[in-house]
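Two complexes come next, and they have one chain in common, chain A, joined by chain B in the first and chain C in the second.
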Partner chain A sequence: MKRIIAVLLAVVMVFSLTACSGGKAETKNRSEEKTEETETPSKETKKADGASEEPIYVGVLAPLTGTMAEYGKTYEVAMTMAMEEINAAGGINGRELVLDFADSKGEQNESADLAASFAENDKYAAVLGDFSSGCAMAAAPICDEAGIVLFSPTASNVDFAPMSDYCFQIAGRTDGEGIYAAEYIVGKYVGAKNIAIFSMNTDWGVSTRDYFAEASKDAGLNVVFDEAYAEGESDFSSLITKAEASEPDCVVIIDQSSTSNLINQIRGYGWDCQIVMVGPSTSQQIIELCADNSEGVLTTASVFYSEEDPQAWAFAQEFAERAKFQPTVMAGYAYDSIYVLADAIARLGDDITRDGIRGSLAKTDDTYLTGPIKFSEVGDISRSYLICEVSEGEYVVRCGYDYAEE
Partner chain B sequence: MEYILNQLINGVCQGAIYALMAIGYSVVVGVTGMVTFTHGEVMMIGAFASFYIFQYAGSHIVLGLLGAFAASWILGMLVYKICYEHFFNAPRHISLICTVGFSMLVQNLAQICFGANKKPVLNIIENRVFKIGPVRISMIQVAIVVIVLALAVLLTVYFNRTRAGMALRAVSQDKSAAYLVGISVKKTAMIGNCIGCGIGGVAGMLMAIYYQTCYATMGSTMSMKAFSSSVLGGMTDVRFSALGGLCIGVIENLGITFSSASFRDAFAFCFLILVLIIRPHGFSVKKGARP
Partner chain C sequence: MNTLINAVKKVYGEHKVLFLAVIVVLLLILPFLGFKKSTIRIMCRILMYCTLAGSLNMINGYSGQTCIGQAGFFCIGAYTMAILSTRFGISFWILLPLGGIMAMLVGLIVSIPTLRLKGIYLSIITMGASEVIRIVALNWESLTGGSFGIKDIPRPSAGGFLVDSPMKFYYLFLILAVIFLFISSRVIRSRAGRAWMSIREDELAAKALSVQTSYYKASNFMYGAFWAGICGAAYAPYLQYIDSTVFSLDEGFNILSMVIIGGQGTLAGPIVGSALVNFLTEILRPVGTWRFVTYALLIIIMMWLRPQGLVGASDSILAGGRIKMKSKSKKAAKESA
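Entry: the complex of A and B
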């Protein structure tokens, strides 16, 4: 009996292991298939054109497996969409664009190694990625040394782009959202005097809170309650009681994982205050997890996929169909990065060099799906934001991009 | 003053959930005589069972309670068969490591089966807030305290007034002696383990209702609190374990009241260490009752 159970257990463990690794292997295969797929037609078109022109290769660092696999998938789907559209419209000055995805697993050392392999291979004109600021910053010195562009669609750390002339990012900066929320949502839109801040105690949470608190001081707001809590905290009842006792007009939640919990508990406590969230943007999960409790919650969004914007709406629909989940802001950034890069390369004409791409990319000044993109001197951009409110179970835009200037 | 009173109520409510977890924990430890680390996962399975019942059968709290109890009971049987049954005479760390491994297996399987995202458990109990003088209590808080009290009373009656309960206590005190007087030790130990797990499942459901969400990793942090509450109560004594849970809940919330929320766990565990320095057996009076 003992033996049978031991054998059974071993079998179960082996199965669970293979189940996990099986899943990973599958995604890997898929990405390989995709790159193969994209490569084969490129050869065909080359033959068909009869031209001697080589395709333009771009390396992409993305966490296709591991804990951030969901975002890697976002990269893959959004970038492939943009690539296919560009190639269908004749490519870059007649040359095919080919993306080679490399799986960085969301690990910094992996990302640095893969960046080196792209940088050392003269075939690649530029490198896109990585998803997280940490990984992108690990790859930055390598790309800097090799003199190849490292263009991250999603890294937002203020220190990334200044690391090298070759580093670019279009996701806005971590300080942007916090400062906008303080000055325009809490200060101008809500018109609050006394505010309460709940923030999560992580690298991102602390820096965003600092930017927010500073900006609210400048905007003349009075911070009456300011508490940080550990990541993964589930019980906020005592904090909520404490916050309510300090009588704020507006509650600001700076969090990336427990926002829904906090909103539910504030409403469950019977406290009907104005809530502003910084971090989740227009996340559909908040509405799913809070239902009625999320009504009236204000948030920022740099991109909003609505039916009124046909281009963005078509993108969102197509993305959802391919990826089987709704696009986040990140998907728009990933999609745009391909167009920004393709435009920069196209401006060079026939003389495509790595340095040329860097110079041309720095001169980008155009409007894309996610809004106007013009790099600052160091290679990052400041995003403008929309103010959105949850109304009858969906996000509604309350103020446009120009609200800050009004 | 009313502020402190409100914080005290928050503490009592959270303490009540800790207490229920600790009761389940101490029943398991008492009857099997082995420390378990699967309790968090048992609670998670209870929460998910009730989540699916609420989703498909509507917000019937009694149905959810029975479902959570049953699902955790079944998981308890598995835990018993795999982690305990063969190791009664083996060194104790073997079954301990076995439960650690089993809990990882269950947690990862749950992530695969149920998905890694959080699930909403909304409006199971109509959210009304009562104001009694300056004090504010929500319907959910009342319901939780009532359910915990009812279960504690039921368990006490079962342990002290029924034959099966007495058999459980006998096994808990001395397995060989229980065997000599004709009690089927293995069967009784399994039932005891399952009862403990079932109660853990109900605690999981209450947590899901109170925090309005459930997810695959919800048990891991909470099981640590259940463990410390039960250590505070002397590991095997149900009533003292409940008291331990209540104390930890109240201490945590009062701690947050006077300082920062980042120190929540620091308060709980400092209190635990202090009590254990003064009374190494926790609140429990019986010496040698610990397994």
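Entry: the complex of A and C
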């Protein structure tokens, strides 16, 4: 017995020793790995235009492990794709772009500590991430103090970007999405009078719900049921009974995690109402998990990976192949963030400074994979939305980006 | 192996004061040794968890009650600080003890139903209480900001001196840890501390010796909760932004794992645990997902080799004389058998 323990202990010690030696040169190793990965394209570019300057390093905070690991994977795959494409096309003004991913585990204190290590290392031009608003907001004061851009592709908390001049977010303001859903989908497209709202109690869910409810009132809609539930809740039967008793024409689900569950339970209850979902966008999972139950469900989408849009379609295919799951709207945002940042750095020419990047990023005004991106004064954006419907097991666009203007 | 341990024990026993002095001086000059800001932040975290894991150790290690909801008390302290400082601008130095007192009151409430419970049932109650606190923080939007959390928590200042850099926070957490260790070392030697330990060893026997177990169990919970609250109150301005996700059950288990790895029932245990766990988290970063496997392996091996933790009771170098007696009695029991 003792021998077994001794051997096991020895193995662990050796393992931790190797880990230790890796740890000291952590950032270096990481970047080396990345360089190796991107070696082929970068060599080609060197041959092509003879540029052999220092690469441009960007730190990425992502929950690569922990409960939000799947989103970290989305970040890793989508951002690496964009990075490789940029480098293959000659990099940023001939300089290679290198992303260094750091694992925040989705925890705020880790995220803050990692942001500090990026910020104090002059090598890094900017910081991307973190995935969740909470983590991004924990990192914000540190990046603000150090004067380095903190650009979160997915943080949705309306308070994030206003925290600092250096904070940017492109997930789209929740007021835009909530108001659009109320005025155009529910009011104009469905033509409902009485509506029921189910919403998830997260920063995103609450603020979307607030804007939605307010816009509903302005649009003359009558909110007959309005309940929030905690993220991760799985049994909605009592809420559904109560909602059905209030006889709404249309049910609105504001959620990013249990929408499919809720749809299945509503249909399983034998309640045949019009469902509008806000949040999951055109998630393939909804159709897979709800099958026939999802038929006729309407959704808002800022991005739609359809065959008609070759760029988006190619991205979705490539992403699915690498990640082994279908891209969500988050993947598109993560992918775009690299291009937005790369363009901002490219506009600076040779004089790349952290402050310069901030200024240049604020001037972004272009159309990317997920639509037009133009930052407001505080550093967030308002997105335009599509209306899609599930029809025969797939999403079909019912109204384009310009529906609101008609 | 044993001779080595004994030798170290002897040297340590002879020069205890010198050792402590060296450690204190080292800790005082540590931030000036040219570390990077991010490294100092890790030291801050280690020091904060020393107190936080220590507060849990007061409950788990000294009175033998198994609390796994320490994150709940931590949460109370942090929110007390965050809410009162952002809304009413009350000074950090008033709110620091107040955070502890609030957590202590919640500790009292939690301890009332637990007085009749033991072992796993008690653990479940503490776990439930921790989640209830977190969910209240998530849902009571008008007070806690709900899922939006509370941002711009002001940094502490004293007479124009603003505690704003990781280095200054290092000293704040260091002072807190030293105060905690000093007071706790006095408390565990006091009547209350002895009562707690007697409850840990044998509750019935303690009762028979006229120890008011329910009173001491409740006071033990309150003492542990108080320090967890203080930690929360000190940590909130350090993070400057808090929301309910910081105080999940995961955090509770994180604190518990430090106590288990470091060792229960000694003051040094949680310090070693906090240093090791936080250090490993950083060191093992490059191995990605595997670090959790290493982590788990470590806990399994610990349970196997040293169930009492690295510097936990029994034959540990740092354990006191009380434990020696225990091992002697074990030996005696063996011999008689």
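Going forward, the second predicted complex is superposed on the first by the 334 of 406 C-alpha atoms of A that agree within 3 Å, B and C clash if a C-alpha of one lies under 4 Å from a C-alpha of the other, contacts with A are read in each partner's own complex, and residues count from 1 in each chain.
Simple rule for what comes next: a contact is a pair of C-beta atoms (placed from the backbone, for glycine too) under 8 Å apart; a residue touches a chain by one contact, two chains touch by 3 or more.
No experiment lies behind these values; they were computed from the predicted model shown.
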Which of chain B and chain C A:163 touches, first, second, both or neither: second
Touched partner set for A:109, first chain B, second chain C, both or neither: second
First (chain B), second (chain C), both or neither touched by A:65: second
Which superposed partner A:326 touches (first chain B, second chain C, both, neither): neither
Touched partner set for A:237, first chain B, second chain C, both or neither: first
Touching partner for A:269 - first (chain B), second (chain C), both, neither: first
First, second, both or neither for A:256, with chain B first and chain C second: neither
Touched partner set for A:201, first chain B, second chain C, both or neither: both
Partner chain in contact with A:138 - chain B first, chain C second, else both or neither: second
Common ground on chain A, meaning residues reached by chain C in one complex and by chain B in the other: 5, 9, 12, 16, 19-20, 201, 230
Sites on chain C touched by chain A in the complex: 36-38, 41-42, 45, 135, 138-139, 141, 146-149, 151-152, 166, 239-243, 245-246, 250, 280-289, 291-292, 294, 297-298, 301, 304-305
Complex contacts: residues of chain A adjacent to chain B: 2, 5, 9, 12-13, 16, 19-20, 201, 227-230, 232-239, 241-242, 245, 260-261, 264-265, 267-270, 285, 288-293
Of all residues in chain B, those that touch chain A in their complex: 3, 6-7, 10-11, 13-14, 81-82, 86, 105, 108-109, 112, 117-118, 120, 122-123, 127, 129, 136, 138, 140, 207, 211-213, 218, 221, 252-253, 256-257, 260-262, 264-265
Partner chain C, residues of chain A touching it in the complex: 5, 8-9, 12, 15-16, 19-20, 22-23, 26, 29-30, 64-65, 67, 69, 102-103, 107-110, 112-114, 116-117, 120, 132, 134, 137-138, 140-141, 157, 159, 163, 201-207, 230
